[in-house]
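Both complexes below contain chain A, partnered by chain B and then by chain C.
Right after this comes the complex of A and B.
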């Protein structure tokens, strides 16, 4: 049962991810991206991390992509000749893709090697993926990185506001 | 879980879902009637009184009329998104109601059946995610109609709803801090001694203002401001697609009322001379009356003032209120 659900969701996520790139109309491209995010959040749900699933929809689909769509809707419905000016992209993409694939295989094999001896239950702890355990980790073990991240985000927000003002 | 228990549970759940769905549809129908009648009373008019006794069958006449009207699609519209947009609106409006608890657990043949479609441990965040998806329905409707009025309506509502999602989420934080849980069931249970509105009155005011802005109701109905935008994002919609937007608006009004009752007014809890379910209905009806009352009382604000109010008053205020609540608990 779990495998069938994963297969359906996996095929859907790959399909929507390819459609984002292949689609010619920008609004549909953005919508496929949103569909991809929703499918990913469903995969998180099957892995019992409800918090991550909901936050994925809330932050990415609900906040980030709405602003993307907001800008895209100002453009003409079909953008012609997208690859006209930056033709060097075609030559750059192959080596970059190879490096990325190599990284992916390396990380996955490392993860598989590390978890090979352990049973799944020893990897998870009680209430895995729930808000309580996540909060404990964020505010106890990873407190300093968490606070530094929030500081960087604050700097980014103030920077964005400043740049917008100085343009006027 | 033994087999018979599972079957009883499953059948009860399916019946519950059907009852909630039909109940919501009927409530929407009569809410529209009640709104027209109440506003008529407030403006010294009679209101609908032709169809059925005191106009009670008016909603069914309206539905039949909307079904039989011609379904128009404007030239140059994006057909797929034009159909998808009202579907998203209705879908999310109904989905949000799924986690509202509306009564004490029923016990049938020793099987405990909670009167709530599903109890999520991330309940409040789920609601916020659904409200975030709801924005797409209106924005896509505005864009796909290929009309200037629709486009402006869609853009306005996009900005308005995204802005007001922030204070909406922040106003719930105080309640979450007090109840130590995100699940709506536990939030109701935590109010067995006193309602959270006693300690969270400022948060309730913020919640109320943002929920009116989120549902696009008067006095914040800029997306469909008829004096400047014809009918905003649904200008080009007709027939049943228009009815779907209409349904979505009233369904989300009901959901926000139920949410306000659950978070601040103790949900289905109440003195025992009424059953819990009746208490829940009475409280939701009172909230809905308040929504309608507001529409009849206040004129529409100016759009830039609304946005200024959110970013410069409501947001800092709700952040400070979270600090105060945190200090009170510690």
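Right after this comes the complex of A and C.
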């Protein structure tokens, strides 16, 4: 049962990701990307990472993609022909990407980490991905990185404002 | 329990799709979205390893990577808008000031 759900979700996520790349109009790409994010958050749910699933939908689909859609709205509508002019480099990319795909799938499925699941753990199965275990880690052990994260966001905001204001 | 290999293979496939988007497309916005797909693929690998080793640290790393991705999108979109106001184009081939 779990396997069937995973297969459906996996096929959906691959399909939506391909649609993002192949779609001609940027708005449609953005919408497919939102669908991809929602499917990924469902995959996180099958991995019992409930809090991350919520964060994925809230931050990515809610905040980041809305920003993308705003920028797309500000641009004039473009329908590019799909990959532009295909230069010879772009034909060269395809076999290289196939080799890359084969390599990744082979390496990831050859099973060097087969014993990983057996490692003993003090955590119980239920409170693994919940907000309690994650919050305790974030605010005790990873407190300094967590504060630095806020600094990164501040720098990003200042950078964006500066980039837009410096031209006027 | 679903074997971890399936999750890792899915994450690898998503990563390759994102790479192809960055390499093949010419629209800057779609390239940025493809970068996000690659980030999400790596996040998926993190979450699946965290699950199978029962270490919630992996999820903390995903949390940080989502934050950094959000910051990256903010700065990237600001740069894209600035370039668009100069060049009136979203095509990466028109962004050749550095003659790279």
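Descriptive notes on the structure:
What we mean here is this: the second predicted complex is superposed on the first by the 120 of 168 C-alpha atoms of A that agree within 3 Å, B and C clash if a C-alpha of one lies under 4 Å from a C-alpha of the other, contacts with A are read in each partner's own complex, and residues count from 1 in each chain.
As a working rule, a residue touches a chain if its C-beta (ideal position, glycine included) is under 8 Å from a C-beta of that chain, and two chains touch if they have at least 3 such contacts.
Model, not experiment: these values are computed from the prediction.
Of the two partner chains, both chain B and chain C are touched by A:63. Of the two partner chains placed by the overlay, neither chain B nor chain C lies in contact with A:12.
When the two complexes are overlaid on their common chain A, residue A:105 makes contact with chain C while staying clear of chain B. Between chain B and chain C, more residues of chain A are touched by C. After overlaying the two complexes on the shared chain, residue contacts for A:45 are found with neither chain B nor chain C.
By the touch criterion defined above, A:55 lies against chain B and chain C together after alignment on the C-alpha atoms of chain A.
Residue contacts after overlaying the shared chain place A:163 against chain C, while chain B stays out of touching range. By the touch criterion defined above, A:133 reaches chain C but does not reach chain B.
Residues 51, 55, 63, 67 of chain A lie at the contact with chain B in one complex and at the contact with chain C in the other. In the complex of the two chains, the chain B residues touching chain A come out as 78, 81, 120-122, 125-126, 128-129, 131-133, 135-136, 139, 143, 151, 154-155, 158-159, 162, 165, 182. Residue ranges on chain A touching chain C, taken from their complex, read 2-3, 6, 10, 13-14, 17-18, 20-21, 23, 26, 29-30, 33, 36-37, 40, 43-44, 46-49, 51-52, 55-56, 59-60, 63-64, 67-68, 71-72, 74-75, 78, 80, 83-84, 90, 93, 97, 100-101, 104-105, 108-109, 111, 113, 116-117, 119, 121, 123, 128-129, 133-134, 137-138, 142, 145, 149, 152-153, 155-157, 159-160, 163-164, 167.
The touching residues of chain C, counted against chain A in their complex, run 1-2, 4-21, 23-27, 29-30, 32-34, 36-37, 40, 43-44, 47-57, 59-60, 62-64, 66-75, 77-82, 84-85, 90-91, 93. Contacts from chain A toward chain B in the complex involve residues 27, 31, 34, 50-51, 54-55, 57-58, 61-63, 66-67, 69-70, 73, 77, 130-131.
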